[in-house]
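Look at the two complexes coming up: chain A is in both, with chain B in one and chain C in the other.
Moving on to the complex of A and B:
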């Protein structure tokens, strides 16, 4: 196989691996832009992955699974919202609590109900998001250069992957070109001003938190019903936190979020493929080093290249009307 | 008629079981991944269940959730008078070492690890021999002359699988490419089907059309990805042929079930032995799986070839290299 084809396949794998990060990072973007920090992305994603796989397995329908995933994730988002917005609790504590809750509850319920050590039964194909072959992909595969790009990179992903890319554009439009987006940003920067203008800070923040829940639901459903075919305890494996890093990395902007997530996905895909690869002049590099590579690069990039990341000014602070 | 039979059976049970139950009160501690991982731990569970079905003696078991529970679980069982106590998995090594000294009168066993204590039976398998056999099958089934291996955590035990497999593949087709990748370097690598699937896809795109996994719960993702890509997977530890019927070429059986059942039975019959127990092909400790799910995939030639390899290993004509003996793998290093 030529270098070019290998590279295309590497990018293909990058797209698959970065999708859960992208959904979760966009989820965090809405929430944090409105001034509600959310380190519970991981937990919401995990709970959604479980719900999607469990309902998908029971109902045998991918859409019911997706809906269940979103519903559970929104439910947890509302808990977070209630704690942070209405009860004015500490946003970090609430987020951590949601992570613990999700990790424990999914394993417990899964174990009690399916008796497979917390795993859910394997999903039939009807209950999964399967790759979609674009028209003409097979025929065009032999066209040099463009053929492989079209066949491997553009065609052959599942619906959620395409939705993920669309969501980046939608998010950009919503945040920067709509009245809702303007208010959302304002509520995260200076809630008192928004309040003075006669807009409810509480309502704005609840809306943001609900959107965050929906997107985390998509991330979770992607993990368990598109990327794999069952739920496994702790399958989110820290992706929620990496998404959070990507969000900070991208300075809370939708298009840079896409790049950051693709970068993390790329490093992950590279780590998988470089194992056992003989570098010219160096020889085989130990697995441990290859697998640490994404983290090393992240630290280097974070420390050296992106400059200062400024969070929304009112982030993490519950809004209290002056009395 | 049936009533009399049942009554007799019940009477028989009443007469025999209590006498036995007093001295045997076995317990199992599973490794991370849990009792129903459809792989390594489940094999142990199957063995314990078989023992219970046969003798009527109940057993206790525990699924650890994190590393710190290993010692606690073993100690709790020992304190409650369970005997023998079997720890499943090499990660229990230091815990068994510690607890077996605290309870010198309790009999312990550990699978996949050697613990040198007077009251411990160490059960190790010749994984390389079983891997060699599935390697032979993989090489014969492969049309692209490229096969893959997905390991769980990067430890010598798993490299032993990889090495035996590569040796088996190359014995049939010296020109074949054996791709090999490990899922990770921590315990999480046993339970990451998403990553397992992604590694499998990378093998598929590099041309592999048979992929063998030795990765516990991660392997579920490997077999899934293999089935999705229309290539063949090979299961491990338990018979995984039924996980993706028609897409699993075979499974390398590691008879942890037999080892567990034997250990319990030996304890019950006062035939318990401490020390080493090495189970290879000759002892029936490892093998390959053939059942209705994969019969269509195994041609008579393949069956003959693997039977020949099996005989040769048992007779000692073929010695499969054990990676753990010297931490090298001549099949892939050379």
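Moving on to the complex of A and C:
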């Protein structure tokens, strides 16, 4: 296989691996732009992955699975919302709680119902998101340069991948070109001003948290019903935190979120590809270094060495209408 | 009682409300047990017996509690300074590097009572450093401590995997773990303590680091409430503006608080490496760093509360293991879920019952005032 083909394959797996990050990071974007910090992306994603695979396996239908994933994720998002918005609790603590809750309950319930050590049964094809062949992909595969790009990179992904890219555009439009988006951003920067304008801060934040839940649901369903064909305990494996890192890396902006997720997905794909590979002159690059790179980059960014990451000003602070 | 309206007696604030929160968490946990088709009361009985019913069980409970006291104190110290250190897990994990390096160097020549203090210092130094860096970044560059400590957990995991696979692994061995330590790198178990009580420690891994944990609890209490540094940390935590106004230097305090926090978390590496495994292994921190968050929240960041909460979680871990053994449809994941519920109810939703309780006490207060007023107005007429 030539260098070009293997590079295309690398980009292809980059796209696949970035998708859960992308959905989760966009989810975080809505929540954090409204002033609700969310370190519970990981947990919501995991719970959704479980629900999608479990219902998918029982019902044999991919859409019911997706719906279940979204429903469970929104449920957890509402718990987070209740704790942070209504009960004015600590948003970080609530996020930590959601992560534990999801990690524990998915494995526990999975074990109790399916008796496979927390796994769900292997999903049939009708309960999965399968690759979509674009017209003419096979015929064009032999065309030099453009053929492989069309066949590997553009065609042959599942529906959620294409939806992910669409969601970036939709999110950009919603956040920067609609009244809702303006209010959402305002509520995360200066909730008192939004309140003065007669808009309910509580309602805005709940809406944001629910959207966050829906997108985390998509991220989770992608993990268990598109990327793999069953749920495995703790299958989110820190992706929610990488998504959080990507969100910060992208400075809470939709299009940069796409780039950040693709970058982190690329590092992931590269890490897998480079396992045991000897570079001429350098030797083997430690896989662990590549795996840690998203986190290191985020720390460096946060430290202000590559631009400055300014979070929404009212983030993490519950809004008190009257004192 | 000389409480004013809206104030709660201390026993309510520090006793009743935490207990109510805990009860709510366990109520939900009970519902989960019902949902997986088991009897929650029976589950509680099994857990209690597993955790306290016999010598070995108690030994395991205390062994788990040792780790949780360290990590709980770590979270609490940072908490008093207004910092949320989620990185206890990573700090404890890298502290293992300091401990194992000292142990590998000395265990064949020195008795344990020489090795252990040096290993403790090394572990605290490495753990402290791993927390100091996020502290430094927060203090001087304004990066959010929560995010950086999360990132540092993952960086720690990658670093430790690399070190174990490429540096500490024995030639020819498959398992990524260090050489097993000789006598000089092991701290004594507490069999004698159990013999006193006529109990048998059995296979439980309880060792003298349990006493270290208790000593540290006392020292943290002294630090926070009886020293100038502690006063400064609390001032910073409650009102950073006031701290600056009083001439304190928040950046310095942030770095000190984080370094202390990381050092405390790092102490659990002594328990795990010198007390239990006798070598450095992958993931030896096993989530104890995160349990510390629950423990600190439940213990209201007070050492006494932390020791009690650590015992509770120790009992949950040990009892949960027994439970998973006896009830086939329950696994140890139940403990993780309970942990989540405790963090949710004792942490994020800690104010859930407060309004109702305040309303109750206000009603009491108003009634008493009305009665006093009535007595006052009727008294002169009687005279």
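To be clear about the criterion, the second predicted complex is superposed on the first by the 297 of 323 C-alpha atoms of A that agree within 3 Å, B and C clash if a C-alpha of one lies under 4 Å from a C-alpha of the other, contacts with A are read in each partner's own complex, and residues count from 1 in each chain.
Basically, a contact is a pair of C-beta atoms (placed from the backbone, for glycine too) under 8 Å apart; a residue touches a chain by one contact, two chains touch by 3 or more.
What you see is a predicted model; the values in this text were computed from it and never measured.
K.L.:
One more residue to check, A:70. First (chain B), second (chain C), both or neither?
P.N.:
neither
K.L.:
Check whether A:9 is in contact with chain B, with chain C, with both or with neither, and answer first, second, both or neither.
P.N.:
Only chain B is touched by A:9; chain C is not.
K.L.:
After superposition on the shared chain, which partner residues are touched by A:186: those of chain B (first), chain C (second), both, or neither?
P.N.:
The answer is neither, since A:186 touches no partner chain.
K.L.:
Is A:263 in contact with chain B, with chain C, with both, or with neither (first, second, both, neither)?
P.N.:
Touch status of A:263: no partner.
K.L.:
Touching A:289, do we find chain B (first), chain C (second), both, or neither?
P.N.:
second
K.L.:
Any idea whether chain B or chain C touches more of chain A?
P.N.:
With both complexes superposed on chain A, more residues of chain A are touched by C.
K.L.:
According to the stated criteria, A:228 is in contact with first (chain B), second (chain C), both, or neither; which is it?
P.N.:
first
K.L.:
According to the stated criteria, A:118 is in contact with first (chain B), second (chain C), both, or neither; which is it?
P.N.:
So A:118 meets both chain B and chain C here.
K.L.:
Quick check on the superposed pair: does A:299 touch chain B, chain C, both, or neither? Answer first, second, both or neither.
P.N.:
So A:299 only meets chain C here.
K.L.:
Look at A:97 in the shared chain and tell me whether it touches chain B only, chain C only, both, or neither; answer first, second, both or neither.
P.N.:
After superposition on chain A, A:97 lies in contact with chain C alone.
K.L.:
Please report the chain A residues shared by its interface with chain B and its interface with chain C.
P.N.:
The answer is residues 118, 233, 288, 291 of chain A.
K.L.:
Would you tell me which residues of chain B are touching chain A in their complex?
P.N.:
Within the complex, chain B touches chain A at residues 33-38, 41, 63, 154, 179-182, 184-185, 188, 191-195, 197-199, 201-202, 205-207, 217, 220-221, 224, 243.
K.L.:
Note which residues of chain A are touching chain B in the complex, please.
P.N.:
It comes out as residues 1, 6, 9, 12-13, 16-17, 115-119, 122, 223, 227-230, 232-235, 237, 269, 272-273, 275-276, 287-288, 291.
K.L.:
State the interface residues of chain C toward chain A in the complex, per the touch definition above.
P.N.:
32, 35-37, 84, 86, 137, 141-144, 146-148, 150-152, 154-155, 158-159, 161-162, 165-166, 290, 293, 297, 329-331, 333-341, 343-344, 347-352
K.L.:
Which residues of chain A touch chain C in the complex?
P.N.:
Per the touch definition, chain A meets chain C at residues 37, 39, 79, 82-84, 87-94, 96-109, 111-113, 118, 233, 238, 241, 244-245, 248, 286, 288-289, 291-292, 295-296, 298-299, 302-304, 309, 311.
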